[in-house]
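Sharing a structure with you now.
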């Protein structure tokens, strides 16, 4: 038998976390073990990328064992074209985030261990094919993030951490109720209990309409909070502002994706009719998030808070793409998830760098950094430009296709979200002008201003490389995504 | 061998140079100057060669591949589409880029290590600009369109530590971005209506497409051009863009990038031509821009300012020509239309040469006197012979004095506008504006020239002269000046080479005339003399007010309406203020408002809930007062309540 | 006559009586503890034998007591609790006098609980409850020098007296209405008593008071926080994990066998009570300063969750209820024992006393974290597994057609979200906050027995969480046995 | 013989009096006695019903519950004595150290 890649993907972070936690005495060793144990999943995911048969579609590398028989819960793992890029993104970002956090000296072993636990949770979410399993991983993610914010966070970390914890916990519990409803409804159709996604989604056409509408509401609430979509977004800025850089990178790069992933993996296939009934709500929220988030960015003084709000705006684009229910829109949405993961990682790392070197993230107090730290400035520009959708960078194709799909589906309604393209350019370019350019400000300690260290430059360089690579050859990702969409579109009544 | 097979190298070689300079430039002793010259030069060689191939054989070269398949019915392609128009653009872009890069090696010499960044960005620019020219579909054009925008942003902000430069860069990016958004919308319309963005497929599909949507598409695409070619009302970024190095102004903001908009209009010409309204709109924007910019140039205090406004104005001419053409086509005058089409592009080419030359000349002047203020120059003629003479040629050319290049193209543009006047009266008005513009152009160009090279040296030039470098700029700077001056003089004669310009570059109907016919056509029409008179009149006025002061400009603008007008022009019709009002007061203010909303309403609700719960917890907790008898009472009370509940529910059931 | 049905009770009762006698011969307290542990062990063995042999339902001669999967499971729960409590008590009551009585009382209380589990008749059930109550009154008052203990005992006793009076009166009414007190027969007869509906309701409520008192169900809960706080912590553990569960057993039997016929009359009311209970418990727990009191309120909230099973009333729901009782016994028992453990090493029961605990004892901090998160229902811990079954049961009901049940689930999840706040607070104190300057920072030397007890609970919580299958099976069988 | 209703009325009254006493009396001993009243009210019921049905079960149970009540009183008094020793009071209004 060939090796169970997916189980190994989960196993190594787990082992790594345990081992790393034990290295309280020796921080250096803790870092190295964390690095190793995050490198292994990265290798595995690369292996998976090569082994995966793009054209085949459907779930591959499947593993399935009965777990809790009496409730029909089983341990089912599998990946399709939607989850493959996410898995790669996860392993990559965790690995880089660990490198980036090389200078963590406070409770190093715990920090690194938590990073690995986080990886475990997120990977689990992306590869679980059983609703129960999915939910467990979904919740597992919260705890390490709670500690990351709460122990290594900024001044108001206590507030931010508990807000994040409870807000998203409420959301996931509501989602859980929805999953229960699905479970019983499917059981009444099938005549046997099962939490397996495929089993439940297979009978989704038999679910009553009102049932679908209500349950979709529950699920969508859970996901909308996670994405986060206006008006359920307020936990995000606080969490980001307080979280340590590594935490923010994973929070924005991966945790938000879990929300949109849930929509495409669960809400749509399981409740197609519900999706159709809710379409306009989704569109409205998506557009609101896009424009609202973009305008909010203009107002922000804190660089990191600005980036946080930009995440809201960009995840709105994902949602908009999904809400078109067209192959183009959904494919673009998934691509945008991937793109945003890479880009936002760079942005938050840069926030960390600026904070680190200058001791402040307050845009008005910054200025002229480009003169003293050219490399940092370059990375920051790459991040900003990629995020504002510059062609040749990964974000552009996704954004462009989403808007194409939007015009295709909703016509002139496009004119509202498209404004964000200009506004986004507005706040990024303006922020660049005020932080990187102009004369150096008094507030910043010019003498000791130091350019990026190796452990900061390396991840940034790698990410920038990927941003450009996938920007020039989006097909590299899209060829995984597109064949997998047939199933979803089919259920949604497309194609 | 067929050189066109290698056309893809045209952008790739400069981009190669970009990569090499980018990564290794800092190590090189000249910070990548030579490499850039080689890269751009090699690109130019192939470009000129293939342009020659194209123009002589008149063939069209196509090549493309599917870049990314988005979905079963949407895919984006990248490719090459080379026709005579592209060939003309190739000549202009590659050649001027090459000259400018050479010029830069000398001009930027004092910048030291920073040249590394400069050459990197210049190479990138040349590469993507050529890519834009090669594009075979609107999407690809948009991709490179954005990238040239990026380069312009970076290069305007080259001296980023200057707040003014940083601000100018931001303004350039954002204002053009507004245009880009419209461009994007246009793309979406085409894409969803026709499911392709390939030039030829789009042109072919026009007859069957929904005319209303096509009109919208044309309108939005032109919106892109408005931004990039600095047309009214998005023109105001270009004057600020002069914060960049003069070479950059010459290359990007005079000769190449700003023409991208015109090129877009040329490519979208058939789409625009489907709608009379849009064509009219295009023409009107062109005419208005030409006029407004010219007025602002009249009293611009800085040498580069004059040139910047003049650029905007000339771009207006081109757009006017194309708009008139589209209008004529729509009205069925196909031959005139194709001439107009050619005229616009003809002016594009000529303008690229003489304006490039003027900027480079201005560069060498600034290089010499270290100031941009016209009021601090003067009397430099005898110290900078080459510069002054070459610039004089360009001035004459742009003023439209026969037989220099500017004359031919400007005359064509005006005459086609006049023709369009038959079909729609608006164009008559535009023609009048055009003529006035011609007059003003002649005036402000010579105002500049006289103020720089003639009269008594004012303090700026005095210092320069006393500081005793009485020598002209180095050869690396002079050579490009001379070459360009030659072209500024002669590029117009392309009318008489082979089938002539209009025989090579036209829309649908070639317009081949023998030299005699051409000359006859030009010099028999009264319009020609109108424009000549306008030009000469402008020069005369300038001569008498700035060289042999019979008229004192100061006196004229000293008081009353002229004064107010003068001030208004110096304030650029308050456009910068308006932009700031929209940007800061409007959008930023609103965002601050929204921030409050977010903080106190949306987040307020969230925090409110938790606060409420905790306070409720406090109260509930206080109920537990510790007296066992109150507990007992609660118990009794509870029992009765439960009983009542049972009855109530029982009743309800 | 066949005593096999009551071997467990008999064994334990004999040991309970024997402990003081043994004390006369052997003074060593550890031996006493060991002896009583042996008793618990033997009794457990007896129960386990029943499961192993799979002798279904064994009835004691006149049918007042049975040993089936339901009662057996609960006997196991009670015995386990007793085991843990005794194990933890060894060090906890070292310096007290009358240890023999202490142990024997614990055993007696357990016997009472087991009787309740085994009973098929209201009278027997009442007797069982009383046995437990009387011994636990004494246990709460066990620390004679402790003012708080005395006060707690007084309150517990007075409140308990009242509620048992209510129960007795209620039982008498039931007896008067039906002429019988056997659940089965009552269950058959209540359906026929349309004329006496109101009377029946009165009886139902009065009986409910006594049971509600045990499970600390609002509005009969008010004794719980005070008593839990005042009592010796090990005893608190027993009250929370043991006698509380006995109350549920009684309720299951009374409502789902005795009063099932008129379920439509009371289900909504009980549902409301359950919601009120969980909400009030959680709210009051939000800003407690004493961890014991916080846990007391939290166990009121947990009682609210378990009460869900009654109004839903399906076999699945009862499975969930039983499962949550099972897991809660470990979570809450473990939590209280952990508090007791820390008390023996001079860490007070203020939440703030737990500051930086992770520095001083990783084991304790970790254990408490696991137990609390399990209480909050964070996967993959036991609390989550049981909550899944419990909370999904009303959804099942909803999907099956009775829409109002969904509110039970909604209230449930909202409450567990709220509860997360105060659980996380403790965790934050232990892990996030640093030790204050000058505060003792040397590592803690934990008493073996107590640590072992805590460890057992933690392992159980994790084990049940990850591999719940077997336990769910047990609970299912129990539920089936109940409805049989 | 006395009709059942009368007995029930008496027992209910007794129960009510007991309940009132529990709430109103300040002295813990009196509260204890009030509880006893409530218990006995229940016992009266049991006896009455058992005679009414004519089966001995009720009476037997009444006897048992009296026994239990006795035990309860014993423990109760013990607790109160200890309380009195520690706090020098058996007034229920003085014992609220444990609250909130």
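Labels for the chains are A, B, C and D, by order of writing; each one numbers its residues from 1.
Here is the rule we use: contacts are C-beta pairs under 8 Å (C-beta built on N, C-alpha and C of every residue); 3 or more make two chains touch, one makes a residue touch a chain.
Because the structure is a prediction, the values reported are computed rather than measured.
Colleague: Which neighbours do chain A and chain B have in common?
Modeller: C
Colleague: By C-alpha centroid distance to the whole-protein centroid, which chain wins?
Modeller: That would be A.
Colleague: Of the chain pairs B-D and A-C, which one is connected by the greater count of C-beta contacts?
Modeller: Result of the comparison of B-D and A-C: A-C.
Colleague: Could you grab the centroid distance between chain B and chain D? Build each centroid from C-alpha atoms only and quote it in angstrom.
Modeller: 98
Colleague: Round to the nearest whole Å and give the separation of the Cα centres of chain A and chain C.
Modeller: Chain centroid spacing, chain A to chain C, equals 42 Å.
Colleague: Provide the C-alpha centroid distance between chain C and chain D, rounded to the nearest whole angstrom.
Modeller: It comes to 26 Å between the two C-alpha centres.
Colleague: For chain A versus chain D, what separation do you get between their C-alpha means, in angstrom?
Modeller: Each chain's C-alpha centroid was found; their separation is 65 Å.
Colleague: What positions in chain A touch 2 or more of the other chains?
Modeller: 166
Colleague: Where in chain C do residues touch at least two different other chains?
Modeller: Counting only residues that touch two or more other chains, chain C contributes 154-155, 158, 162, 166, 225-226, 418, 421.
Colleague: Indicate the residues of chain B shared as contacts by at least two other chains.
Modeller: Only 610, 621, 624, 626, 628, 632 qualify.
Colleague: Using the contact rule from the top, write out all pairs of chains that touch.
Modeller: Touching chain pairs, listed by label, are A-B, A-C, B-C, B-D, C-D.
Colleague: Which part of chain B faces chain D closely enough to touch in the complex?
Modeller: 621-622, 624-629, 632-633, 636
Colleague: In the complex formed with chain C, which residues of chain D make contact?
Modeller: Those residues of chain D that touch chain C are 8, 15, 18-19, 22, 28, 31-32, 35, 38-39, 41-43, 45-46, 48-50, 52-53, 55, 57-58, 61, 64-65, 68, 71-72, 75-76, 78-80, 82-83, 86-87, 92, 95-100.
Colleague: Name, in rising order, each residue of chain B that touches chain C in their complex.
Modeller: Contact set of chain B toward chain C: 610, 613-614, 616-618, 620-621, 624, 626, 628, 630-632, 634-635, 637-639, 641-643, 645-647, 649-650, 653.
Colleague: Considering only the defined contacts, which chain B positions touch chain A in the complex?
Modeller: Going by the criterion above, the answer is residues 67-74, 76, 142-144, 146-147, 150, 153, 157, 160-163, 165-167, 169-170, 173-174, 177-178, 180-181, 184-185, 187-189, 191-192, 583, 587-588, 590-592, 594-595, 598, 602-603, 606, 610.
Colleague: Inside the complex, what are the residues of chain C that reach chain D?
Modeller: 123, 126-127, 130, 133-134, 137-138, 141, 144-145, 147-148, 150-155, 157-158, 161-162, 164-166, 168-169, 171-173, 175-176, 179, 181, 225-227, 229-230, 293
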